[in-house]
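A short worksheet on the structure shown next.
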C-alpha cells in the first residue's frame, strides 16, 4: 500500500471548525505543515544549547555549532551533493537564486549574454534575472510551455543555439505540476556551454534528488515546503563555482581577516553566510530531513503519485472544470484548475467555509497565467499527510460552489 | 464564511446593471488586483458642473469585486466628482452589506474604490517599473 | 530595586553541569536566551495557523498574514517609527545593512563619495561598505576611537568637512559597550548633508529607542539578540527613502505585476521582502517585544546598568585585568577585558569548565582590536536574566584562571 | 574541560624550547587563526637532502596553540620535508596528549600544522582578498 499514515504527527490537521469539519490542508505547494519532531527539535535547541555559533569556546556554543554544521552534512547527503561545503544556508529558495544572480551573475554575465528561462517559472526564478538583465543589458529568453503543460523541448534545442550563458529552470512547476527532464536538459545546457541552475523548491519536498546525477551547477530550495521551519533555505553550488564567486553579503562569519579598508574572505560555504545564521531553523531543517528519510523519499513520491492520480481522476468528473498541466504521466502533486462558472477567489472562499484550504491566484507565476490567457487558477496541492478523504472533501466542496454559482 | 455571498452580491455578480463601456467617456480609470490578476476599468461621463451623469465598469474578477463595482458605479451616478473623493471603505462595505472580510477579499471588495480614487488622485506612489 | 527576576522564564539557565554548577550565561551580546512565551508563540503558530501569508484566502492563511503584519506594527511601536511600512523584515542586522548598501548605496553613491564609519564597527557595518567601496571606488573614512573607548567627536566634526554621503555607526559597541551620542551625531551628519545609518543590533535589546527622536535614516537590528528567535531581523528606513530605493531581491511578494521581461514593484515594505518570509520567526519576535514591553525597557536598562556597574567594579579588583572601553557613565552591558597572564581563549575555556559562558576572540570587530593593539579579548555581556550571582561566579572563575596561568 | 590543560601543555606554554626566529631561514611560513587573531610563524633550516636541521616558531596565541607549536617544531627537527607533509591532525593531538577538543580549540591546536602544511603546499584556495 502506498498510502502513508502520519496524521498523528500533525496535530494542526485535527483542528475542526465550528461545523466540526477537520482542517483539510491542500496548500502544501505554498508551505507544508510541520511534524512534531521538527518542532520538538527547535524547542529542544532553544531549551538546551541556544548560543551563537562558530566562534564560541564554551560547551553549548560548541554543541550549537556542531548541530548546525551537522545539518549541512544532512542536507548534503539528502541531495547527494559532493561535499558539505557546497551547501550554503540562505533564508529561502528566493534568496538562493538571488545570491547566484548577484554574486555569480554580476561577475560573469555581460552585455548581450543570454539567460534562458521557461514560461512557467515562479517569480523567484524570473525577477532576479530581470533585475540583472536591466543592470547588465542581458537578453532573457524563454522555453515555451506547450498546451499540455510540458516544456517545448524542440524549442529548447533551438534556443540553445543562441549559446546562453545560463539555463535556469524549475524542476517542478508549482502551478502545472510539470516535471521537466532536468538531467537531459542540464546535459544539453552544458553541451551548449551554459551553466544550469535548477529551482528545486517544488522538487526536494516530493522526490528523491541526486544533484550530482542531474549535474546541476546550482540548486535552490526552501525548508518550509519540506516539513521544515520558515526562515531557512539552501543554495547548492558546485565547489569550484562557489569558490570562484565573489562574496555577496558582508559581515561576521564570512571573513577570515578584516582591516579597516580590506578583508580576506572566508572559505566556502561560510563566505556566503554573513551574520548570525538561522541556527534554530537549521536544526529544524535537519529534523525535517530525518523525518523524510525515516519515511523514505520513495514512499513519499509513491504516496503523492497515487493521491494525485486519484485527485485528477476525481476532478475531471466535476462539471466545467479544466485542469492546467499534465493529466497523466510523471507529474507533481500541485493541481491547478479553473471552473467555468466561478472565479478562483470565490472557489477558494467557499471551500474555506468547508475548512478546506486551497490557493487561488497566480501562484507567483503571472507570466504562465498570461500564457494560458487566464488571470488566476485554483490550486490544490498534496503532501504526505493528505489522504483520499481530502480529495473527496475537495470534490464535495466544489459541488457547493457549483450550487451557488453554477 | 460563505455568508458573505449574500443574495445582493450573487445577484449583482450574475446580473450586473452597469457592466459595459462608455464610448466616448470623459474619464476612464483602470487598475488591477495583482493578487489575482483581476482587472477593472471604470468609465465616467461628467458634466460641466462635475456631476457624474453616467458610468460603467468593465473587466473581470471575482463575485465580490464585480458586485462591488456594479454597486459602486450605481451609487456614484448623480454625484459630484469631489464627493467621490470622499468615498470610504466603509461606504463600499455598506453597499455590499458585508461587515467583515479577510484582507485578501477586502482588496477584491475595494478594487472599484481603488480604481476610482487612483484615477481621481493620480497613480499612487511606489509604482516603479523595471525592464 | 532595579534587579529583575525572570529566571523562571528561562529554563535553560537552570541547567547544571556534572559538578552541579548552574549555567552562567554571559554571552548575550552574541545572542540572547529566549523566554518561554517566545517559544510558545512560535509553537502555537505552527500548531494552529501555519500557512503561507499574503495571498491566502482561507482562514488560517488570513490569520497567519494578520499575525505577521501585526508584528510589523509591534516593531514600529517598539522603536517609535512613523509607519509600519517603514519596517522591513530581513534575516538579521547584517542583511539589513547589506540591503541598504546594495539598494540605496549602489543607486546613490558614486566614485569618490565618502562613507564615514567608526573604528569600532562590527564587521556587519564595515564589510558591506568595503564591498561597495571596491565596486564604486568610494572612500571609507573612520571616526577614531579614543583610548577610553569613546568616539573622538572632535575628529568627527572634522571628518564631516569631507561632506560624506553617509555616516554609518553602531549605537552601542559590542566590544567596548560605548554608547555614542547618536542623536547629536545624526543631526551633525544631516547638517553636513549625509544620511545617517544606525546599527542598532546592541541598542534595541537593551534600551528604549525612539528612532524618530534620534532621526536616523536607516536602523538595523536582529531579533535573536533581543529574546527573539534566530532567522529574522529588521531594517527601518524612512518611508521616502525606502520608496525611492530600487528593489533588492527579486521574487514573490515584492511585485505587483509580472511580465516575462519586466515587472512592477510592490509598495514598501514588501518591495524588499522577496519570497516566503520568516513567518514563525516574526511571530516569535512579536512575542519578544511583548515580553520586553511587559517588563518595561526602562527597567531593562536599569537592571543592566546596575549589574554592569557592579561587574566593572568587581572585575577591576582582579589582578592583571584590564577593561576595554568606558569604566563609568552611560555604557552598554558588554564588558571586554584582558588579563596579562592568560590568553582569552584559555580564559574562556577555564571559565567553561565552571559552566560560565563568555566569548573570547575579536567579537567581529578585528579593526577595533588592531586599534588597541591586542589580538583578542574576553567578553562578558549581561541581560535581563543575569544577576550579581553571575558576576560573582565570573570573578571566582577568573581566580581559577589565575591559579593555573598566573 | 580544564583537563585539557595538562602539565605538558602548561609547561610548553610557559617555558617553550623552540620559541624564536631563525635568521636567515631556508623556509618561513606564517598564518593565523582568524577566530582569535592568533598569529604563528615557523622558520625552518633545511639541508640539501631536505632534512630539517633546525626550526623555531614565533607569534602569539593561546596556551594550546603555543604549546602545540613548541611540540610540533620539536618533533620535526631531523625529519625530511616530505615526511612533514604526511603529518596528521592525530599526530599533533598525540604530541599534546589530548584526546578530544572542541572545534574552536582544535583550530588552536592545529594552527602549527596549518602553518606548516600551508607553507609546504602553498596557500589554500578561497583566499580572495578585497579592498
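Each chain gets a letter, A, B, C and D, in the order it is written, and its residues are counted from 1.
By our rule, a residue touches a chain if its C-beta (ideal position, glycine included) is under 8 Å from a C-beta of that chain, and two chains touch if they have at least 3 such contacts.
These numbers come from a predicted model, not from an experiment.
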| item | value |
| --- | --- |
| Mean-CA-position distance for subunit D and subunit C (Å) | 36 |
| Approximate Å spacing (C-alpha centroids) for the pair subunit B, subunit D | 76 |
| Interchain centroid distance [CA atoms averaged], subunit B/subunit C, Å | 46 |
| Sequence positions of subunit B contacting 2 or more other chains | 1, 35, 104-105, 130-131 |
| Touching two or more other chains - residues of subunit A | 55-57, 59, 130-131, 247, 255, 257, 261-263, 345, 349, 352, 360-361, 366 |
| Chain-level touch network, classified as line, ring, star, complete or other | other |
| All touching chain pairs, where touch follows the definition stated at the start | A-B, A-C, A-D, B-C, C-D |
| Touching residues (chain side subunit D, partner subunit C) in the complex | 1-2, 4-5, 10, 35-39, 60-65, 104-105, 108, 130-131 |
| Parts of subunit A lying in touch with subunit B, wherever the complex brings them together | 130-131, 134, 342-346, 349-350, 352-353, 360-362, 366, 369, 375-376, 400, 404-405 |
| Footprint of subunit A on subunit D - complex, ascending | 1, 32, 34-35, 102-105, 124-131 |
| Residues of subunit A defined as touching subunit D within the complex | 54-57, 59, 62, 65-66, 243, 246-247, 255-257, 261-268, 271 |
| Residues of subunit C defined as touching subunit A within the complex | 11-12, 15, 23, 27, 30-31, 33-34, 39, 42-43, 46-48, 50-52, 55-61, 91-95, 97-98, 101-102, 119, 122-124, 126-131, 133, 140, 142, 222, 224, 229-233, 247, 249-255, 257-263, 274-281, 345, 348-349, 351-352, 356-361, 364, 366-367, 370 |
